[in-house]
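Per-chain numbering from 1; labels A, B, C, D, E and F assigned in written order.
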Amino acid sequence: MAKTGLVVSAHSADFVWRAGGSIALHAEQGVAMTVVCLSYGERGESAKLWRQAGMTLEKVKAERQKEAEAAAKALGVADIQFWDLGDYPITLNNDSLFRLVDLYRKIHPAFVLTHSREDPYNRDHPEVNLFALHARITAQAHGHKPGEKVIGAPPVFLFEPHQPEQCRWMPNVLLDITDVWGKKRKAIECMAGQEHLWEYYTRVAEQRGAQAARNSDKKITYGEAYEAVFPHVVETLVPSEGRR
Amino acid sequence: MAKTGLVVSAHSADFVWRAGGSIALHAEQGVAMTVVCLSYGERGESAKLWRQAGMTLEKVKAERQKEAEAAAKALGVADIQFWDLGDYPITLNNDSLFRLVDLYRKIHPAFVLTHSREDPYNRDHPEVNLFALHARITAQAHGHKPGEKVIGAPPVFLFEPHQPEQCRWMPNVLLDITDVWGKKRKAIECMAGQEHLWEYYTRVAEQRGAQAARNSDKKITYGEAYEAVFPHVVETLVPSEGRR
Amino acid sequence: MAKTGLVVSAHSADFVWRAGGSIALHAEQGVAMTVVCLSYGERGESAKLWRQAGMTLEKVKAERQKEAEAAAKALGVADIQFWDLGDYPITLNNDSLFRLVDLYRKIHPAFVLTHSREDPYNRDHPEVNLFALHARITAQAHGHKPGEKVIGAPPVFLFEPHQPEQCRWMPNVLLDITDVWGKKRKAIECMAGQEHLWEYYTRVAEQRGAQAARNSDKKITYGEAYEAVFPHVVETLVPSEGRR
Amino acid sequence: MAKTGLVVSAHSADFVWRAGGSIALHAEQGVAMTVVCLSYGERGESAKLWRQAGMTLEKVKAERQKEAEAAAKALGVADIQFWDLGDYPITLNNDSLFRLVDLYRKIHPAFVLTHSREDPYNRDHPEVNLFALHARITAQAHGHKPGEKVIGAPPVFLFEPHQPEQCRWMPNVLLDITDVWGKKRKAIECMAGQEHLWEYYTRVAEQRGAQAARNSDKKITYGEAYEAVFPHVVETLVPSEGRR
Amino acid sequence: MAKTGLVVSAHSADFVWRAGGSIALHAEQGVAMTVVCLSYGERGESAKLWRQAGMTLEKVKAERQKEAEAAAKALGVADIQFWDLGDYPITLNNDSLFRLVDLYRKIHPAFVLTHSREDPYNRDHPEVNLFALHARITAQAHGHKPGEKVIGAPPVFLFEPHQPEQCRWMPNVLLDITDVWGKKRKAIECMAGQEHLWEYYTRVAEQRGAQAARNSDKKITYGEAYEAVFPHVVETLVPSEGRR
Amino acid sequence: MAKTGLVVSAHSADFVWRAGGSIALHAEQGVAMTVVCLSYGERGESAKLWRQAGMTLEKVKAERQKEAEAAAKALGVADIQFWDLGDYPITLNNDSLFRLVDLYRKIHPAFVLTHSREDPYNRDHPEVNLFALHARITAQAHGHKPGEKVIGAPPVFLFEPHQPEQCRWMPNVLLDITDVWGKKRKAIECMAGQEHLWEYYTRVAEQRGAQAARNSDKKITYGEAYEAVFPHVVETLVPSEGRR
């Protein structure tokens, strides 16, 4: 059975900027990637749409969903879900928690991607961090829906936030996304409503790529950075061979 | 050509307690492990020997070297070197720095193990941390002995100190040493002068093993913990398959 | 149009101890200062009143409001509001959040003052920190009451808590309040119910003043310290000329 | 009147692993120890019970209560209470808060023990940390049930979590539990449902004992570690005489 | 008399990448900028030159000086000094310390720029951080060359290191360098020996510019980020008016 | 035999401002207090003396020694030593290290007081922190002057620096010095050369006293704060009875 990966995204574009390379790369590696967009970011992250005449909340959501679906397709996402839980503030409760627990148990992800612990520029992101970790813990509980197969201990990697140092986020994993950069850029360009971020996140990828090269002695052009929540459990300290 | 690993140990027993499992495991993986004992710990880490009548500095050193050589043999160390630079305090200068640079360039290690950044219980350990990192940086410099092949960017992992939290050391890598535990325990038992630490470090291995199991969903009994100085540069976020 | 400043105070006396100098100084500079007292601190910060016979919650609130209004007048506050949301614990929900968002959008503050991120001595203070930041973020969202003018990015400065180090609060801004110290002291003396704090916060002002002098080579006697949440965006690194 | 101590335990076994030595020691010193088990850990910490055929939530709770009562007896607990507030997630609200405030005011504890501030492996533990601190603060408020005697400022010590460094928990108090180790081990063995943890927490006690010895020059075999939330207020810096 | 600014640069190119915008901007504001290049970076930061046939240490230094002088000219530096103290490792002693003290006292800088406190990729940079701060402290000492005018308390801002998070460097000042970006880019292009960094530091400027815009509600395209060592002593919390 | 305490002071006045209460209190408790003034602070901390005509380094030192001796007498110091190692920068080498080791071994201190780990305002203070800890470690080494009695593990408490938060110093011990405040104030007044600090450090004592009261429910007016380097090894968590 194919491995799976789970991306828990506060708003419907976050998975693109922050994890697009990782999604495309693992999809190419044969990992079935599931993306949960908890909200559309319809209130707080759709400024450009709101500048159009006659805009309504429903139109913004529809437009955001269309963009996210196009991006997901470009990245090779296996399943994208829109939970429409509102934004600014997002509303997370036990119902949505148990829904996410069900998903964890359904796909048994090999790894999980979600938001950073802190973000003074965004209240929903740290809420989703706690929520995604909380669901993972609950999915490990034998007494939750007894009889179901509990999940193991999938590693969790935290997305790079928009202004990393201000979020006290520390990158300790750099992923080489050089081979899939074309796909990520294509997905980024699906985000018509946030065109001002295209170049910003292209430069992020270039900077993290240069840093990955410097930290590895490999030839890497584009990278994505993550903070691992849990220690890496490894069987060797010798770095993998890679593109030199 | 075989890969190599470099262990920079302040005193002649540190590599056993702190990295014995890693050394044995990589030796079994075919990695040629070089251990540099910068000093014997003859003044500060040989209390039991000093309680013997007629003890001298030279006798302590000889005894410590004998113990370390026996432990190195048990672990499968390819090369162990004793630089006799004194302890409490250790004396590190440009001569010893360039000697270590030469070694880096001779073996081009795939990874490096050394001490933690801080330790209020031990002054030599943080000095050696800076020293080992400094030599690595100098070995990367093209203008140091121009014409020699500079080294790349081997990852550096910091040993678990005796009282981890007090040293503000954070384990972000857990190495499964279950298969080589017998060798590490045998090496530990070569340290006749510090028998009071045998059980202490056996328990450390058991605790880190239990934590590695919890963090990985694998069956792991003995572990070693490290703090990686640099970010991991990886090609996938999917954890490796392991002993389940 | 005059600039405005917004102070979000958990209890009705906090703005006096923690920001009285800043309020008086900016009022003198022509900034219209709005103070929101989310609660009266009627349960947790009115010990002296409760020692009086026949005291009731309503009497405490009335007394606290009277004190706060007198202090506000002494400081030159343009607008003081009492939202009566309860204390120990304070009750903050989406209604109060959107009310604060409305206020942000009404006055478009040039800067915001509120509580520290942590406080093991006080649960309401960190709750209000999150609340004030959250409202600021929501007031920036184009999809919140579309058509209204969203706010920009006013800097947020965190009050000095009662025991600064225990709250992991780090002062990175020192404000010279020497010229308005008389007003702050007068406002402090309006707080009849907490007379034991008068000298405490006078000494705080003297210590921060001495530190401001040492950090600036200026003649400063009284200061207030703040932790800026966001980076300072500046057009020069040359310090302003000041009282020497 | 005898002194009292309060232990606020998220799940019904936490007080055994994390504070059993402290409870037994203070009970021997004549301190009446009250343990509040906010939940049974019936869903998330009873894996072994759930593997039995025909298990139900009620049976798990009954079994867990029986185990906890036996352990409490072994440790000399004066009062153990089961509040049955659910787990994974625990449900904490103003009702349970005020109930805990009542308990604080009833026993006026000389010290309080509870969970760490963070724990990426467990969502209930940090929730309980905030809850126990919050209740302490509210119990200090003169306006909460005016006329009752408010509590003073009992120190709060945070339990050692399962994976200490990952929880950013810092041990700054080491308690010598050598004399009561037999009782703690007996209490541990009451936890039939979590036998896999017996040796883990025995080794924790041995490691903390060895560290306590090294930090004190005393003969100590078993220890418990805590992080003090508040500064120690002392009348001398000379360490107490102890077992040498 | 014109104000002055002091830049203490470990190697002869650091001031360009890390502070070029600040230098050009202040030069335009009429501040006389002095740059001290403690070494040429001849061993550790001149890889491209060393790949040329027949290269010698003296030739590298000459080439590096030429590049730095050209860059300094492009930026409007008032005085650039080359102290030739060696690199990898740099040699800093009391002679060089007192020389820098003399310079502080000669120019009485309004502000100082230098390297970050930590850098696991570079040993010279943190050494220079300590050195520059140490000289500042000594220049404040009345008993050092009594009779000379001591300096006041110029703020010190730390350069952005190459991999910011790994250096635990925290940007709390963002400087708008949009108007002088052309000069900085021209200075960068003088660094023929490190062409691989041109785009890297252009992207750094673009990212910091975008962040400065987001933190200020101003129109900013290029920025430089700094960590202020000392608190800002200010006379108002109202942000300056700027380019909107 | 009487217990002893050791104070390692960078400059000859530091022990008064930072530890005068502790010294007086323990002297009254019968502890023989030894104070080592490593330098006079003749260059960097004697501004007022240098403003006098005809001042020389020797005169400053003589004056500073006279002041320190008077203060020591007021505090009940058993032994004060002046090592005259220079200041700004202080010169610490193996000779002075071994001299301090000898002193540790001679008096076997029950506790040690010295400077904070960091201080951006003072380079000598952190140097002395490392030096005092280093000497303690060396005095524990059996191989240093074998045959001498090694010291145990005396706790080390770090002085409150002038600007605590900027030094990342965290007070976790508050000492009640109310009963000896008169002596500390008298000692402070011996420091004629630094009269501008008298009120500053009086207010520090009042603030720490107020905080000690709040943290303990005792009546405390004056306090001194310390950061303990090592964990407290305790035999009970019940706070000691004190002045209520």
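As a convention for this text, a residue touches a chain if its C-beta (ideal position, glycine included) is under 8 Å from a C-beta of that chain, and two chains touch if they have at least 3 such contacts.
Since this is a predicted model, take the numbers as computed values, not measurements.
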Any chance you could name the chains that touch chain A and chain D both?
-> B, C
Looking at B-D, A-B or B-F, which pair matches A-D on over half of its contact pairs by residue number?
-> B-F
Farthest chain from chain E, comparing Cα centres?
-> D
Farthest from chain F by Cα centre, which chain is it? Let me know.
-> A
Just give me the whole-number Å value for how far the CA centre of chain E lies from that of chain F.
-> 37
Residue numbers in chain B touching 2 or more other chains?
-> 121, 166, 171, 211, 214-215, 230-231
Which pairs of chains touch one another in this structure?
-> A-B, A-C, A-D, A-E, B-D, B-E, B-F, C-D, C-E, C-F, D-F, E-F
Considering the complex alone, what residue numbers of chain C touch chain F?
-> 121, 162-166, 169-171, 199-200, 203-204, 206-207, 210-211, 214-215
Under the touch definition given earlier, write down the residues of chain F that touch chain B in their complex.
-> 94, 97, 130, 133-134, 137-138, 140-144, 146, 156, 229-231
Footprint of chain A on chain D - complex, ascending | 42-47, 50-51, 55, 57, 60, 87-89, 120-123, 166
State the interface residues of chain D toward chain F in the complex, per the touch definition above.
-> 3, 5, 22, 25-26, 29, 31, 110-111, 113, 152-155, 157, 171-176, 211-212, 214-218, 220, 225-226, 228, 230-240, 242
